[in-house]
């Protein structure tokens, strides 16, 4: 932790950070920072520390760098903790040197972004630890509008995997599709015939009958939705490794170990992104 | 609940919904909806119901309308529940009629937005109920980047009030400002002299000494930060109604009633927006 | 063709047409239309016909509608030809009624968009016809920057299929990846272990040795790159239907039938999108 | 070619490259690059070469620089070939040094842009060579929506000239305008009276009668549209150098020399931008 | 004035009003309208009148319509005065019916736009009247950043003409270009040889010597910059109608008639757009 | 003035300059700079000076820097005059070194921005000087759409203060609100009860009766609108320092001293932003 990790400015896997951060800053700086303008002398330099006020899995260093770069290119940012690191309460995550007004202008936007990605990484890590490497923990498309790329990154930083990114990056036949077609098997067959060879065809099933239909129709993967442990165990036995088995619905931390033990391949958890509590961070300045 | 509330398309207090929803949809529909394209027949019509799968305070009807309008102007949306209504699990919140492909394309984006605003309104309501009308519950600037206008609206729908919107809409002198100036009283005086007459000057204080300095220097409001109940009671007595007293830090649902009883004017709660769990909603289609 | 096909305004599979068309119009109308302003009387009404000046596969009706809607909501547009229809030279594709100035302002932007999508659909249809239903013709990511959604739609309108949309919607291991890892088999194994269960793992191979490595390492699909017919035949025999076989590189219209006959599943053709000649269209006005 | 040409980052004549490239990258990197993320080790450095796989007129060096800058500011780009240079197949156009993941993320977007501008420059050069300096080859407004600035630049790099950029940068009276006004001469007179002194008034004519009307009414330039060689020769003789004579419609490479020989000033060719085949380029990495 | 002029929603000559108005509204409604939210009952309907508080040339009706459409599509707007009309103080320019909160949210943005365009039209009209039809009054590129299209429209509404719109829509050689080339005649010749046939070549001259050089080198138009009346008269005599003569610099209302009398073709006035005082307008509501 | 003031690139109080300047440049450089392209040799270097052609209060140095940075990052800009300085005609405000084409491309956009902010600062200074420190001069929301942040900055540079930034940053009850509610006192009471504790409640009054109602209802500040001097004197006496007294309407430079002498706290002047004449600036190049 005493070693400064250099963090560059460009991170394709985080999407267009420049645009996202500019938009976030615009919410808070629409009319400038009138407190600093009145109170803090023009040109005053300061040093700031981003502190963890609780144990957490850190990620988002490049976000902190980007926020400061956009507010004031002359600020120096040193991210002290590598991405994906579990730190204790009190850890200094980053140090900032620059204009006091710039640090204060950037503070809330930076923390709002970091507290969310670290919150997601921290919650994901708990699920991943519970799975003990016996099944994958994956996210869902239940992400915060506007922040999907960051939230999926945070899931990976917590040791999770990503599900398909969007409606165009994988075929997943759900109840509503089946109701439209009238028949699970036909839905799977239509998907096989009409979707790209570049995509997996996965089908949501609610019981063993549907599972057998999905397998017979040629699904590459199944999603056992809201099934109880017993039904899941039966399903895993029927599948017998021929296709990927994903479980979702009603997944708690407590249940993960049990699911992992049954031979499920993947457990998807919407709460990773839609309900992860923010972690507690603060920025403290010296002048 | 059986009466259809007409919801119009324009809601200045929700900000530029058109832009926000377009951006949210772009995340999910970047490459179209390949499942529906393959599985659901072109031109098929469907009816959908948005359901509450838990008790919740509903809000965001105009958001649902806007999402559907942008995906397909020909969809008919009827929001069945007025904004700010507490509903039980199972309630039908809205009905949608239109192209099945359009409903499926819009589904996740609509639910991701609604589950968040309803989640915030629902959590806020719990705090507001605990305060029993004896003090205000207000939000903070700890909002989700990109969604501040919606989240502040959701807080109001839950019965809460908003704090200043951004760094330019109110003067709030915090620890970091005081460290820059070196002296709380001078910070307040500079704010008085140099900020607009159109703004309240509020000052964060950590103890009774600071409180007295802030009052002497002419603050219009004080923010008692992370003080215990005893100190807060003393502070309220000292202020004696001359300025607004806000409390923040370590505020739990349990503590609200106590704070309200002490004569505190305002309690601000970051968790309303940064850690409200999403509520559970679903969209069910018939054809 | 004598029957008017109603075309609605919202087409999720075409992406955010509103934004795209607005941007296209801005290129041409940055400073207004000075010729019409000077020459055409204010308020004059006109009727226009979009004509095919060559045989072509038509698509893009919703684009025409959207261009006119943005230029002048009061224009009436009737698209006369259903999407995906093969028409002869001279066919009237659409009729427009509205302000003469609006029609003239929209003309070039509308035609520039239509001539491209129809050009792609028309070229794709020739490849698809050559394949006689024995293999799929698919596009590549070699699309025009800014127009990918429209171009992929045009490929589908010509009877082709789409490959993965973007770098995040499928795993395709190519020469450059293998050079980075140093070893094809290891690249495939890393992809299997580290990418989402929601994605196919496809691997490009240059010869039979690489093909066998890819199969052994567990690829879901292979891409035979720039191999001659003899090698392709051998490859198809080795694969024996276990995984998808795609061919790319040096694919001409003449060679398609031969490839289709060999049992190849998919032939990808970059030229569909990067080099399809525009079709010849015109707009003719009456007043 | 062995000398490295420094290419700077700012090129007003290419328009707002930052915005254009960001938009292009967003199409391909919407969900990150999942193949590289899985397969290529984090932090691995690589060197890449952009190669011409056919003879071509090179242009777009600043585009390559800008794409890499936006993906990863730490990449070093050396463009080895000056703009407007004719190179042989096999030429190394540029060298890139940086993170392997960044080079792979940028690859397709960079090549999609370069293959188009080089394609246009290469085709333009063929027309320009055919004209042997005896008449100008100019583009039209039949450009790719979103890419007009780049395509016009490419035409100039091939030795061509640009026609007016947009509907606001020159007066060009066409058939549709004349139909609105009912009379060619009146259209030209209205243009003369009502348009800015800063603009040329050009008029499209279809035969000798119209030509004479246009001249009598005071046109600054005429556009002979779809006229045969004989009529064009007559027209040139009638004009006798008093105004600019432009020819368009049915212009093939073979016909250029003939037109140039007749004394035509300008030949405009829509195909330069709407139908130029992409050139064949590749990016090859070493690590 | 008693007759309601219907005003449509789409006006190509005003540019992308939707985007411009959305941006303007965002400045004022960033955090909603907290006064109306607190004070005005939800759902209250009101009627408003836009009043001229001084004599003025009205224009911008479509802007008022667009502002209200974006704030609340349910508002009815009737523009009572045709574009380009001179009205007296007290005239009712438009009537609005709709939600009181929507009218109040739109008020300032609407008036800020209208007061500027009417201000420009009103000032332009004074110059045009002074010229008594003997020379053209034209604007310059000294416009307000972001509002050029509207301001040029306002100039036309006042009876003025527009100069070139931007640096790409006309060739105008100025002092700085000549200093770069070292020689006026060479600058004009380079422009003739290298710029598009679709553009006028105009050259700024400071005295009679330069005028003669410009004419000899083939300029299509000259701009007499900051020359006194005597020199202008000489220049007009020398030019003798061969090319357009524009005068700029030090042009006051008083001097216009004199310049017009000398035979100058065009007088350009930067103040039309950069220093026109706003006109006085107000919105008055009834409920 | 002989000392070079370093000007950095990031200025939170000016808002998102990058976006604003890019948009402004796009208006002028939409189709490139065809004059420079034709006339000025590629690669030519030049030095430019921005000159004051009249006495003025300078501000906007960071704007000049940002315009040049976006047009060409290789340009060197030295702003020679500190913000807020009063300079004489002839002063050199900034020096620029870089590509001649880049300087010419940036010239008009830079000057259009500077002439406006300096114009506002210069006019504000005249009002501030007239007030002799006895009352504050403040701006209004009557700003140019798109430029509010810059214009408010310019007011501060001229020695003025800002009023609330937007409809969400302060409560100001005006005539139209009172007409909606029917009663001034009730409007003030509703505002007190329902708006945030973080906002001042100010109320516009037209006469002494209304003033007394506003005071009784608990307004924090009053705005005396269009009252004559006598009434204002009475109002100041009645208020007797209990709340802020602002005067607006019919405020001329001549009247300021008188108002200041009466004990008014704040005088707001719409003309500062909506009708300040542009100052006269020029850019002169050497090569």
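The first chain written gets the first letter, and so on, giving A, B, C, D, E and F; residue counts start at 1 in each chain.
The definition used in the following text is that a residue touches a chain if its C-beta (ideal position, glycine included) is under 8 Å from a C-beta of that chain, and two chains touch if they have at least 3 such contacts.
Computed from a predicted model, the values in this text were never measured in an experiment.
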{"item": "Magnitude of the superposing rotation for chain B and chain E (Cα, nearest 5°)", "value": "120"}
{"item": "Winner on C-beta contact pairs when A-C is weighed against D-F", "value": "A-C"}
{"item": "Most distant chain from chain A by Cα centroid", "value": "E"}
{"item": "Chain centre separation in whole Å, for chain D relative to chain B (CA means)", "value": "50"}
{"item": "Cα-centroid distance, chain C relative to chain D, in whole angstrom", "value": "22"}
{"item": "Intercentroid distance (Cα basis), chain D paired with chain A, Å", "value": "43"}
{"item": "Shared-contact residues (touching 2 or more other chains) in chain A", "value": "29-33, 37, 105, 165-166, 168-170, 172, 196, 199"}
{"item": "Touching residues on chain A, where the partner in the complex is chain B", "value": "20, 23-24, 27-41, 44, 46, 48, 100, 103-105, 107-109, 111-113, 115-116, 119, 141-148, 166-177, 179-182, 187, 190-191, 193-196, 199, 270-271, 274-275, 277-278, 283-287"}
{"item": "In the complex, chain A residues that touch chain F", "value": "22, 25-26, 29-33, 37, 70-74, 101-102, 105"}
{"item": "In the complex, chain D residues that touch chain E", "value": "136, 138, 161-166, 168-170, 172, 196-200, 202, 221, 244, 246, 265-266"}
{"item": "Residue numbers on chain C that touch chain B, as the complex places them", "value": "8-10, 12-13, 15-16, 18-19, 149, 152, 165-166, 169"}
